[in-house]
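Dropping a structure here in C-alpha cells format, bear with me for questions.
The first chain written gets the first letter, and so on, giving A, B, C, D and E; residue counts start at 1 in each chain.
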Amino acid sequence: MGILSLIVFIPFLTAIFILFAKSPKTIKSIALAGTGLHLLASFVLTYLFFNSPQNINPDPTGLSLQFVEKWDWFSSFGVSYFLGVDGISLAMILLTSVIIFTGVLASWNVENRSKEFFALLLLLVTGVFGVFVSFDLFLFFIFYEVAVLPMYLLIGIWGTGPKEYSAMKLTLMLMLGSAFLMVAFLGLFHLSGLNTFDMTKLAQVNFDLQTQRWIFPTLFVGFGILGALYPFHTWSPDGHASAPTAVSMLHAGVLMKLGGYGALRIAVYLLPEGAKEWALFFMALTTINILYGSLGAIKQKDLKYFTAYSSVSHCGMVLFGVATLNFIGFKGAVLQMVSHGLMTGLFFSLIGMVYGRTHTRIINEMGGLAKVMPWLATSFYIAGFASLGLPSLSGFVAESQIFMGGFMGNPWHDLTWMRVLTVLSTMSIVVTAVYVLRGLAQVFMGPITNLHFNELTDASLTEKVTTALLIASLFFVGLYPKFFVDMIEPAINPIINRLNM
Amino acid sequence: MIIYLLFFLVAFFSLLAVSSKSLYHSAIYLMGSLSVTAGLYLILEAEFLAGIQVLVYVGGILVLLVFALMLTQSDILVNDQPTFTKKIMAFGVSTSVFALGVWLLSSLHLHSIILPTASSPAPSIKQLGHAFLSVQKNGYILAFEIISVLLLTVLISAIVIAKKEKA
Amino acid sequence: MNSHLLEWLIMSLFIFCVGIYGLLTRKSGVGLLISLELMINAGALNFISIHRFLYPAQVDAQVFVLFVIAIAAAEVLLALALFMLLIKKQQPVDITQLNHLKH
Amino acid sequence: MSSLLPEFLLILTAFFILIIDLFDAFNSESSLSPEFYALSGIGFSIISLFALWGYAPTTYFGGQFVVEEIDIFFKGAILVAGFFTVTLLPAIFNLKNLVKNHYPEFIVTLLFTLSGMLFLASSRDLVTLYVSLEMATLPLFALTAWEKSKFSAEGAIKYLILGAVGSSFLIFGFGILYAFTGSLSFESIRVALAQPHQDTLNLVLLAVAFIIPGLGFKLTLFPFHTWAPDAYQASPTPVTAFLSTASKVTGLVLATHLLLRIFSFQLKDLQPVMVVLSVATMTLGNFVAMKQENIKRFMAYSSISQAGYLLLGFLTLSPEGIASVLFYSYIYIFTNMAAFAVITLHIEQTQKQNILSLKGLSKTSPGYAAVLMLALFSLAGIPPLSGFVGKFFLFSIAAKQGYHIVVAIAAINSTVSLYYYLKIIKQMYINSPDEDTPSLKAPLVTKAGLILATMGTVFIGLIAPFYDQILWASEQWFKLWIK
Amino acid sequence: MVLLPTWMILAIPLLSFIINGLFVRRFSGHLAAKIGTIAIGFNFLFSLALAYYFFQSGELSTLEWHTEWLRFQSNLIIHIGVMIDPLSAMMLVVVNTISFFVHIYSLGYMHDDEGVGRFFSYLSLFTFSMLGLVVAPNLFQMYVFWELVGVSSFLLIGFYYTKPSAVSAAKKAFIVTRFADLGFLIGILLLGYLGLSVNQGQISSVYSPLDFLFLNNPDVGLQLASSGLLTTGLLLIFIGAAGKSALFPLHIWLPDAMEGPTPVSALIHAATMVVAGVYLVARLFPLFNLAPVALEVVSWVGLFTSLFAAVIACTQDDIKRVLAFSTLSQIGYMIFALGVASDLYPLGYTASLFHLFTHAFFKALLFLGAGSIIHAVHTNDVWQMGGLKKYMPITHITFLVAVLSISGIFPFSGFFSKDEILTAALESGHMTHYLVGLFVALLTSFYMGRIYFLTFWGQSRSHENASHHPHESTWVMTLPLVLLAILALSSGWLPFANYLWFAHKHDHHSLNMTVAFSGTLAAIIGLSSAWFLYSKNNFSKVQKIQTGMGQAYQIIKAKFYFDELYLFVTHKIVFNKIAGPIAWFDKKVVDGGVDLTGEMSQTFGQKLTLIQTGQVQNYIIWFIVGFITVLTLYYNTVL
C-alpha cells in the first residue's frame, strides 16, 4: 500500500467514515480532518519526491516515474493497477489537495443533507487524484469517469437556478467526451499490437501516421470537451452557475484541468505525429477559445457566469500551451493549470461567501461592498489581479511561459501563423483586465447601492483561512516559480524528446 | 401423377382454410389440408408419421380448435373479413417471401434429385422405436424425457390460467 | 415420370407462405392458430421430403417431426388457455383490439 | 450420469413441491413456504454444477448431452438468474392464501423452465436443441399471464404468437440444414458447412435467413424484439426480471450454438449482418427508452439495448469474444436483479408503475434508492461499477475487429442511456416525495437476494480471477475444436 | 562598496508595505505613516550614498545582486537582480528624494483622513515597485515591476474608492496602461526570440537574451539590427513606454488620474512613474540608436505630445489638470530630446535625462504647492481662488520659484535642462523640433503664469464666507515645499554631462547663446502676456479672446474630445458590437446547438416508439421484414 494509493484513497476513506457520522458538526469536522490529512500527505509526498533518490529512466523518451506501484489486474487484457508520479502529476496533486481542503472549508454552511454532499465531494476528488497518478489507460479511464459522475447529483441536489437542466447538460457532455476517449483508448490498445494498456509501453510504439491522424483528434477533442475547448464549452457557464460553491471550485479548479493534463500526457505523448498534424488547427481553436471566453465575460450579468467565462478563457490557454508543441509551451500549460486552479478556487469561494451575504449574484444589484467587507474585497481584487496576469501572482508566470512558448514556435509549424495566434491570445490579457476591473469595480467600489448592505459582516474565521491559504499559494507560485519549474521540467523532457525523435 | 393431384389438393385446402369468411369452414378446410399432407407422408414412405399426423393433428389439435371456436362464441367468428389494405399488405409480404425462397431454391440444381423408388429402404417403425429409447449414438431418449416434462408443465400452467377463480 | 425434390420444397414453402398470409389477415385468435398450424406443418413436410429424397435410411428426421407435432399441440393448448383467460376478462378474442400495451 | 445432476435436482424439487401442494400441506403453519424448497433446490444444483468443474468435458447420450467448462458457466448464469427470481417471489405472493394465486404451481413452472434452459445449454443436436428451447419458452407464455390482470393476457398472447412464428421459422431452417448432412448433430453440420461448394451456397443462405429470426426473437434483436416491451409490461415483475435475465442468457446460449457451433465458418460473412443488427438494436433500445413512462416497459427497452451490446461479443471467432459475452451476462444478471428487486417492491407496495411515482425514493427509503442508483449506473456503464468493465471488454472485441465506428456508436449510445438512467435518479434524489408515501418494506428473502445482487454489481467487475476463469474456460473450449 | 547590501534598497519599502499593509494599519494609521516615512527616509540616504560611491568608483555598471527567478529554457533564464549604472543611480536618487518629501508632506496632508494607514502602505508598495523597475538588470524584470507600478498607481488613484469618478479614473488608468503593456510584452517576446537566434558568445554575467548587458552590447546590437525585425520590436516596446508615460495616443488616463490625492499626483504623476517610459527608452538607447526609423517615430510622437498638451493646458480650469497637461508636455520634451539624439549628436540623450532630473523637482513642487492651496481653499477650480499671496506666503514663494523654473528663466534649473534639449535639437539639425520646442516653451510659461496669477494675485473669488480666510499649511507641508524649491534652484547647476553621457563623454559645457537667448525671450513673452491677461480681476480681455477663437476654444477645452472618442470605441464598438454579440452567440447558437441535438434525439426516440403499435400483426410484419433484410444483407456479403 504505497504512498500513492494512500493519496488516492484517503478522500475515499473519509467519505466512508462520513457516511457513518450523525450530526452535521461531526460530518464537517471529519471531512476537514480527512482533507487536512490529505494536504499533509501531499506535502510529505513532495518532500519525498525531491529528496528521495530519483530513478531516472535511461531511455530519454521514457517517463521517469517515482513511487511506482504496479499490480496486474486483468492480466489477460493487459490491464494493471499502475500508479506512479512525476513532476506534472505532483504539481496537480498539490493543487488538488489545496483546492479540496479549501473547498471543504468554503462549504462550511451546507446544511441540507450535508452527509451525502461531503461524501460525493470526496468521491469526486478521489477520481481526480486517481487520474493524476494512474499510468494505465484503463485505470485512467475508470478514475476519469468516477471524477465526472458525482457532479450530476452535487449540482442537481444542492445547486441553484436551473439546476437539473445544467446538471444534466454538464454530465451528458462530459460523458460524451469520455465516450470519445473510450473509442480512442480501444483504438490505441488494438492498433498497438502489444496486448497492454500500460502507457509507458504504448509510448514505445510508433503508430503509423494514418491511425495517428484519426486517434489524436478524438483524444484531443475528448479531453478538450472537459477542458472547455471552444465549441464544446457551453456546459461550463451553466454548470458552474448552478453548482454550489465547493462543487464549482472543485470543478473549475481541478476537473477542467483533467482535460489539459490528459491532452498533454496521453494525446501528445503517445501520438507525436498526430500532434504535429493537428496542433496548428487546435492552436487556432484555442485562440478563439481564449478571446471568445474573455470577450464573452464582459457582458455577463451574473458573477458566476462572469467567472465561468473567464475560466473558459484560461482553460483555453492551457490547451493553447499544449498545442504549441514546444518545451516552454508545455511548461506554461502545466503552470497555467496550477495557477488557474488556485485562481478559480479563490474566485468561486469568494462568490460563495458574497452570495451567502447579499443573496444575489447579479453584478448590477451589488455596489460599494468594499466598505462593509474589506477582507473579501481585497481577496477578490487579488483573485482578479491574478486572473489578469499581474506579476508576483501565479497568473503572470504561467501566461508568460505560454506566450513565450507560442512565440518561439516549433520546428514543424509555420512560424508566422503561430506568432499571429500568439499575439491574438496575448490580447486576452487586456480584455481580461477590462472585464475583471469593470466587474469588481461595480460590485465593490463606489457608494453602497443597497442600504441594508450596511449591516453585512466581513469574513468569518473559516472564510479567512480559506482565502488566506489560496492567496498565499497564489503568491507562492507567483513569487517563487522555481519550485514548480524545477518539478515540471524533468517531466516534460520525455514528451519533447518523443516529439523531436 | 397422384403426387401432383395431392399437391393441388393441399394448396387448394390451405388457401381456403386461410381465406374463408367463416371460421368453421376454415377449420374444416384445415382438416382437409392436414389429412392430404398425411397422404403425402405415405408417398414419402413415412407411414407411422402419416398415422400420427392423422391421429394427433387432425384428431387432437383440430378438435381443440373447434372447442376453442365453440367456447369463444364471439360474433366475429362468423365473418372474419380483413380490411382491404391489410389483405394487400399480407399478400405482398407472403408473396415476397415465397418469391425469394423459390428464386434461391431454383438456382440450386436440386431438380436432378428424383424420388427414390419404393424399394429403397425406409426406416421401419421398429427402428423408429429404437431411436426414441436408445441411449447410444443416435438415440433421442433425452429429448423424449424433456418433452414429457415439457408437456407436464404446459398442462399445469394452462390449467392454472384457464381455471375459474373461486369467489 | 417421377417428382423432383425441388417441387416438394417449393410446395412446403408455398404452404408456409399461405400460413404467413393467414397470420397477417385473420382477426380472430383461433384463425391465427389455424395459420400457425399450417406453417408448422409446412416445416414438417419440408423436413420429411428432404429426408426421403436425400437420406432415406436415417430415422432422425421422423423423430424430429414427431417432437415438432407434440410441441405444436402444446402450443395450441397454451393458446386455448390464454383465450379462456381473455373471455373471462370479458375481452373479445379479436387480436386487432388487443392493442392496449403500446409505444 | 453425475453431469446431469443440476437438471435432475431441479426437476426433483419441482416434483417434491407438487407433491406437498397435492396434500395441501403448505397452508399449515408448521411447513416452510415453497420458495425455501425452490431456493435450496437451485442452491444444490448450483453446487453440483460447479462440482463438475474438474471433470469437464463429459458427453452423454451419444454426444447429445455435453457439458464443457463454457456450458458450466452458462448454466451457472441461468441458475443464478433463477435463484434471484425466486427470492423476488415472496414480495409479490402474499403468503396468507397460497392456493388462491397458485404460488406452488408458479414455482414448479419456473423450475421446469430453468431445467429446460439447462438442457438447452448442453444440447449438441438439433432435436434436443429444439425441444429444450421450446421447454425454455413455452412455460414463459403462461408465466407472463400469471397475474390474470386486464393486460396480462394480451401481453402473453402477443408473446405466444411471435414465439410460435419464431419457432416455425426455426423448424423450416433446421429442415434446410438437415439437407447438408444426414445427421442432426452440430459437429457434423459444422464440418459439412466448412466448404460448401458453389451450388449449395444458396441453401446455406436460406438456412441462415430462416434461423436468425428464431435467434433474434429469443435475444430481442431489432426487428424481432417487438414482443418484449408488451410481454415485460404485462407479466408480474419477478417474471419480467426472469425474462430480462434468464431468457436473455438462454438467447446467448442459443447464439453460441447457432453462431459458433454451427455457422462458425460462415461467421466471417455474417459480420455485416451482426453489426447492423447489434447497432440497430442498441440504438432503438436506447432512444426509445428515453421516451418511456412505465418502469417495466423502460426496463424492457434497456434490456433490448443490452442485447445490442452483447451481440458485439459474437463478432469474432476468438476466446475473448465468448468470454466477454459471458462475463457481461453475469454482471448484467446481478445488476438487473438488484434493480428489479427494488422495482418489484416499489410496484407491489405503491401499485404504481409510472417512473414519476419513484419521486423522492431517496428520502422515503434511502437504502433501496441507493441500490437502484448503483444498479442503474452499472447498467449505464459507469466505472467503478462492474457494468463499465463488462461493456469495456465487449467494445474491445468490436475494436479488435477494426469496427471503430461501431465502438463510437456504442459509446454514444451508452451516453444516451446515461441520460434516461439519470432521469430516474433525478426522480429519486432530486424531486421530493409526496407526504404520505410509506417507506418500502421487504420480506427477509428478498432483502437477502437484493444485498447479494448489489454486492455482485459492485464487485464482480473488480475481481480479476473471475474473468480469468471464464477466459480460461473459453480457451479450453476453442482448443477443443479449433485444432 | 557600500556597507549594506544593495538589495536592501528594495527590501525596505517592501518590508514597510508588508508591515503597514497587513498589520499596523489596523491599529493606528498614524503609526503606519511614521514607519513608512522613516523607511523612505533611510532609503533616501542610502540611495544618495550609493550614487556617491558609484560615481566615485567610476565603473561603467555593476551587477550587485541577482538570483534566478523564472527559467524558460536553458539559454533563457530570467534573474531578479539589482544593477547600478549611471542611469539607474540617477533615477534612484530622484525617486527616493521625491518619495521621501511626498511622505513628509502626506503626514500633514492625509492627517485627518481615516484611510491614512492604507495610503502609506500603498505609497511604500509604489516606491518598492518603482525602485525595482529602475534597478532591473533585464527587460523582463523591468516588465514585472512595470506592472506592479501600474497596479500601485491603480490603487492610489482609486484611493477614495467611494467616489465613482475616482474608481473609473483608476480603472481607466490601469486598462490603458495594460493595453500599452500588451505591446511591451509582445516586444519583449520578439526581442527574446531575436536574442536567442543571435549567437550569444559568452558575455560575462548574461543569463538570457533579455539582459541589458546583452542587448546594449554593440556587436549583438549589429546582429539584431541585421535581422530586420529590430525596428518592429523597438516600436512595440516604445508603445509600452508611450502608455506608461502617457504620450499622445495613450494620454487620456493622466488627466483623470488627478482624482487621486494630491501627494499621489505629485509622486506618481509628476516625478516618477510617468518618466518610466523615458527611462525605458534611455535604457535601451544603444539599441534604439541602431534603428533610426524607431528614433524618428519617437521624436515625432514626443514633439506632437508636447505641443498638443501645451495647447490644452492653456484652457483648463482645474489647477491639477493644468499641471497634469504640463507634465505631459514636459515628458513630450524629454522623449523628443531622446528622439533627436544619435551617436553623432549624443547631447540629446544627456539633455533629456537632465530635464528628467530637474523636472522631477519643480513639478513635484508645483503639485505639492497646488495641494496645499487646495487644502486651504477646498476647491480645485482656479476661478474660485485669487489673492492667496497674502494668506500663504511660503506656498506663494515656492510656487513662484517652480513657475519660473519650469518656464526656463535663467538661474532656475528649468532653464539649463530645457536649453540643452533645444540645443540638442538645433545641433542635430532637427529645425522643426527646435522651432516647435520654442513655441511650446512659450506656451508653457504662458499657462504657468496664468495659474500663478489667477491663484495668487487679484481678489479672492472663493464663494466661502469672507470671514474664514485661507491660512498657510502647517510646517510639515511647507518644509518639503521649501526643500524642493532649493533643489529646483540648485539642480540646474549640477555638471550633469560628466555623469550621464552616451557614445563619447564630451566635457565642454558651453551654453549655446542663441538657444539660451531665444528660450528666455519666449519665457518672458509667455509670462508677461499671462500677467497682462490674468493678474487683475477683470477678465474682459480673456472673454474677448475666447469669443474670438470661437468654436476652436471649446474643442481645445474639451481636450479635443479624445476621452469621448475612446469611450465611444470601448463602449459602443467593443462592448456592444463585439462582446454583446459574442455573449448572445454563445448563448443562442453554440448552446442552442447542444440543446438542438438533445431535442433531435428526443424526437428520434419519439418516432421509434411508433414501431410498437400494439398490433400483433404489425409485429409479425416487422418479423418478416427482419427475415428479408437478413436474407438480402447476407446475400450481398456472400455473393
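What to note about this one:
The working rule: contacts are C-beta pairs under 8 Å (C-beta built on N, C-alpha and C of every residue); 3 or more make two chains touch, one makes a residue touch a chain.
Since the model is a prediction, treat every value here as computed from it, not as a measurement.
When the partners of subunit A are compared with those of subunit E, the chains appearing in both lists are D.
Hopping across touching chains, the smallest step count from subunit C to subunit D is 1.
Steps from subunit A to subunit B, minimised over paths through touching chains, total 2.
Overall, the chain located most centrally, as judged by its C-alpha mean against the mean of all protein C-alpha atoms, is A. Set against the C-alpha centre of subunit B, every other chain centre is closer than that of E.
Just count the C-beta contacts per chain pair and the biggest one is B-C. Put simply, the C-alpha centre of subunit B and that of subunit E have 103 angstrom between them. Subunit C and subunit E have Cα centroids separated by 98 Å.
Remark: subunit D and subunit E have CA centroids separated by 78 Å (rounded to whole angstrom). In this assembly, the C-alpha centroid of subunit A lies 65 Å from the C-alpha centroid of subunit C. Shared interface positions of subunit A, defined as residues touching 2 or more other chains, are 172.
Under the contact definition stated at the top, the residues of subunit C that touch 2 or more other chains are 16, 19-20, 23-24, 29, 32, 44, 51, 54, 57-58, 60, 63, 67, 71, 74, 78-79, 81-83, 85, 88, 95, 98, 100-103. Residues of subunit D in contact with two or more other chains: 127, 131, 134, 138, 142, 145, 148, 157-158, 161, 165, 183, 205-206, 229-230, 291. Contact annotation for chain pairs lists A-D, A-E, B-C, B-D, B-E, C-D, C-E, D-E, with touch applied as defined. Residues of subunit B that touch subunit C in their complex: 3-4, 7, 10-11, 14-15, 17-19, 23, 26-27, 30, 33-34, 37, 40-41, 44-46, 48-49, 52-53, 56-57, 60-61, 64-65, 67-69, 71-72, 74, 76-77, 80-82, 86-87, 89-91, 93-95, 97-98, 101-102, 105-106, 108, 110-116, 120-123, 127-128, 131-132, 138, 140, 143, 147, 150-151, 154-155, 157-159, 161-162, 164. Interface of subunit A with subunit E (complex): residues 169, 172-173, 231, 233-235, 237-238, 292, 295-296, 298-300, 327-328, 331, 368, 370-371, 385, 388, 390-392, 396-397, 400-401, 403-404, 407-408, 422-423, 426-427, 429-430, 433-434, 437-438, 441, 444-447, 481-482, 485, 489. Contacts from subunit E toward subunit B in the complex involve residues 617, 621, 624-625, 627-628, 631. In the complex of the two chains, the subunit D residues touching subunit A come out as 320, 377, 382-384, 388-389, 392-393, 395-396, 399-400, 402, 404, 407-408, 411-412, 414-415, 418-419, 422, 425-426, 429-430, 464, 467-468, 471. For subunit E in complex with subunit A, the residues that touch the partner chain are 68-73, 76, 140, 143-145, 147-148, 151, 158, 161-162, 164, 167-168, 170-171, 174-175, 178-179, 181-182, 185-186, 189-190, 192-193, 196, 570, 574-575, 578-580, 582-583, 586, 590-591, 593-595, 598.
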